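Letters A, B, C and D mark the chains in the order given here, with residues in each chain numbered from 1 onward.
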């Protein structure tokens, strides 16, 4: 919220002013009323307009905070709405800008869109690699962030050249990469999309920064943080809601993380948990105002290739998702768990993954790398992988016409079975509660109780008079309507 | 079996790579050079192959990537000999025990449960490997250490900081600390392991320090000294091997530590 | 023929006694009456029984030959029949032996059979490689012979350790490899088949040796020698007939060479020439007494992978062959022409080739190698290739159930078009003659006139009284019937 | 452009292989060793990688093949530098001419047709390459030499013996002999080329000998002296290049021969 109000920069230790400000507020008045009222009240009292300056003063200990009431509260609310509203208008402008650029440069010619990751750990190596990937055919570039970032309770500042298996997600890195890809889009006559993560302890902030820097997609799952980062479940559900409201407003497509379950659980036995999670993600997304066209629901090609008829099982699962969510741009994830150091076999598996992708009409295809079990992708891995995708889409792009699962046959039976297991599980969850199911290890065989996990300290119940101008604006009637109207981000459908 | 015996068993000491004829020395190499594709780039690729000892080098594939890079595939005969006698391997120098034997030995000789603390440290969140070793479920048909009645297992999970780990080891009176490291980009696994072993050295006197074990798919098992740990386990480790080693190092052959 | 009569061994220069004998006969009486009459006449006159000894004497110049007549001719004919008949009985025994071993060890569990080549150029390297391949899953081993052999007018002798891109086909090499594979069959509980070439100037001799050494398949095409070795067309048609009669008798499956056309001609434009050649090969094979189950008609995955929908075009071609020859164990050949030094891409293409093989029910699958454009296969190439085949057959072996070419769609249209082009071409050939069509470069865009080509000297018109005991026996009524009765070489169908 | 210029153009002289970061030196290698799969075999594979200059070497895949062989895949950082300035390349040292220019130059300066004899020699029967250069059809959108009005092309086809070739060259008064060699197993292409050039040296005095050109996908273009030929053409040669070279060597710059 404060990001939308324009707070930026960091202290000499790299802790952003946003965080210093929130810390100061929480120390004095707690979190129960939200930070907007105390902050804008203090701003008025100090006679200031720049919230970043206020944060600096607060960090120095020279500002007092209180929860205002009466006229002071009304004034603070007004100022907050204005300030945050300006941020949201910036997001709106970036969305219009995206629509304009898509109109000018065009969308990819084919489905699925080709989605590629860069993960050098240095934004200045990432940029040329992303541009090379775009030139070689990538439609979407995902910049992987450093391993530790999801557990940082702040967003680092500036351009970064470090990190393991990826560099940090920062506003400046977003800006640099988006600018580079705008250049590539122009060169290639095709709008190249950019992706990062709205995930981890800073989910909402990431969403805001993504909107402000015109990212196009964000990894954003309702349960990933709980299961794979051991973040407190309640905090996660709250944060994902806000972040999705921002994404809805920004016209950003979310990518959910069901693929991750199959890296720890068995892809055949637990196939139905993917379906259940997709349904949950869909529900929470709709609830936060996202349109179907913004739902990059995830699923993955993770069946052990030694399993007889594994390819047909994959087809069954992929088709099931396709039929359950006909209007969602499903995100089809490549094999990872059963990839080994045998890179020749790896490239082959990726080819069959690509084939399922085109045979079942997936929306977004995350390109698999032959070195999956070895290193984060090399420049050449990406090139080989794209060549693989191109071959398959070009050579067999129309094969779905001739692919008719035999009525009552293996594929249909399998899809039915997964669906009925999913329904059973949903009924069981309905009897208990989702939080209980998560606590019991239903998803990805990870057990996560609601009263544990990282970031628990940041969870507080709303007190009377809680006020968050951002949610207020994002939930205002009409806005929801808008995102419903942008299923394919088609330029003519954009609101003025 | 020791390395020497193994060498003798094979009945030959010096071998070469094998393409389709004994002694042909054939290998395959691929790499990218940061130069645009032209004849000079191809010459550079052959030069590199030659320096690697490949001669003659057949440049069989060259493909431009982006503006300033070219990917190459080279086949050819490498001139190096492989001296099997000189191979340094960390062979298993302890007997492989069944769960029953492990329990019996701990019970008889140690007379208390053996305490094991495990974690993925640093920012690494890949728990599947350490879980395979520790959790009852195990891997490859073998149960994990939790299944052993005489072992007390504390699995701290992922993204544990080194101070947290040292503290837990102290609280649990750990006989052994098991650390997993899967992310290797920029040698993350090496940095984290060194940081961990240094912290234990600092926090505890030599005699009191738990046995330090690291594992992960990309470790070189011969680097124990360099990393300051007692043992390294690599790809495809099974819980039984780890349990057997624990008994060997902490119960039957304490000096091994 | 003389091979069947038991002539073996070679002179100190390595020229087999068979050849020395024929040369001596031809020098004195020409080829028009066949060699049987002069040879067995001389044998009787010399009071000898061993034809090899006669050959040695003839080479030394101490035997005279004549075309006998009257009683001498009758006696010679009888002796020749007896002697050659003994050879043919040896072939019959080897066939019974094969049937027994197949019964004991079993046929491969899956279709297509997995066919792998070894080509080290040294029989003693070939053997362990073949055994390793069998262990890794190969059902059929083809031993590639040296580049020059097809133009040798004799078959070398003994075990050989030299040759380029393969070592020589010799009777001893056949024997050594068959023995090694019998051992592997036993070890694996699956009869491993052995293949070589009845092709080139020694086509008939190769066929005889294959029968004698219990080879199981032979490359044998009615036009390959003409087109790709520039061997005289008439000689080729005569030789292929005799060699096929021997194959029919020996229960050997022939492999025809249509795949070769597509290495020089375009696989899309010239697809119909493959169909035409298959029909011709089928016709000539039936005519020589081969049963449908012995017809490994060839075709190949050779469309440029850059061609849009290339994979579906391949499916169309493969299905067409499958439907035209429902009872033939079609031999499906991998990509070669469009393979490059990019071995990663190569392995991928081979995977899609394997997929077509299983989706269209091919009978024999020649395993493609990722190093096709680089080297003759390495041990590891073969292992990687087999792993590829295993993955595809295991993961997608039942996919044909769900593959239903859309009625009137791309695949059906393509198959129809190729078929109608084939019919047009056959009509054109019918109007002229096959020899003219070949002379004009119809197949593999190679022009081969009937009065040119290698081995022309060995072509002679039959004169009155021409006698070949082998053809006589092989064409005897009942024999044809026999081969008709062995469609699957099932043991119970073997003649006593 | 000469090699030196090219080096200068690139603005840098020394590079390393590129995995995902400038200077990381990363390469991929695969090979088979004739040893059964065990730890010692893995150690041997790492040893070989080290000798090739890869350090650290990550052994990422090991798979037994048959009884006594193991296949390995290794990734790692190679320590060699590639010195672009030292790259020796056979750069095109003649102008690329159009068919029209070729014809014009032959007609004006030679004043007769230039006679070219082509063949696949030895037991090699791969004619697609030489046909691509000689036949009208050509390759890669360029017509072959038969299309050039002022060239007289005799294509002998496949599996031509060296004596047949020498004889044909004499009969056709060949200005140039073009030989293709595609099969390279056991260096067949090198043997055959040497045999061919020796035969021409023997059969004809230096001044009368036709220009000797070989081509094929696996030749090293720098080996002309070793093989006794005037020029070698490799992968992806086009007819235009060959025609231009013929004019250069036989018409415009006779001393080049």
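Basically, contacts are C-beta pairs under 8 Å (C-beta built on N, C-alpha and C of every residue); 3 or more make two chains touch, one makes a residue touch a chain.
Everything numeric in this text was worked out from a predicted model, so none of it was measured.
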Selected interface, C-D versus B-C, where C-beta contact pairs are more numerous: C-D
Intercentroid distance (Cα basis), chain D paired with chain A, Å: 51
Whole-Å gap between the CA centroids of chain A and chain B: 34
Set of chain C residues in contact with two or more other chains: 119, 121, 342-343, 373, 375-376, 378-380, 384
Numbers and ranges of chain B residues touching at least 2 other chains: 18-19, 22, 26, 28, 30-32, 58, 60, 63, 69, 184
Arrangement of touching chains [line / ring / star / complete / other]: complete
Chain C to chain A touching residues, read off their complex: 305-312, 315, 342-345, 347-349, 351-352, 355, 370, 384, 387-388, 391-392, 394-399, 401-406, 409-411
Touch list for chain D against partner chain B, complex: 3, 6-7, 10, 15-19, 22, 26-36, 38-40, 42-44, 46-48, 51-54, 56, 58, 60, 69, 78, 80, 82-84, 86-91, 184, 218, 220
Complex contacts: residues of chain A adjacent to chain B: 119, 121, 128, 131-132, 135-136, 146-148, 151, 164-165, 228-230, 263-264, 373, 375-376, 378-380, 383-384
Parts of chain D lying in touch with chain A, wherever the complex brings them together: 18-22, 26, 28, 58-61, 63, 73, 75
Chain A contact footprint on chain B (complex, rising order): 30-32, 63, 65-67, 69, 71, 122-125, 128, 157-159, 183-186, 188, 217
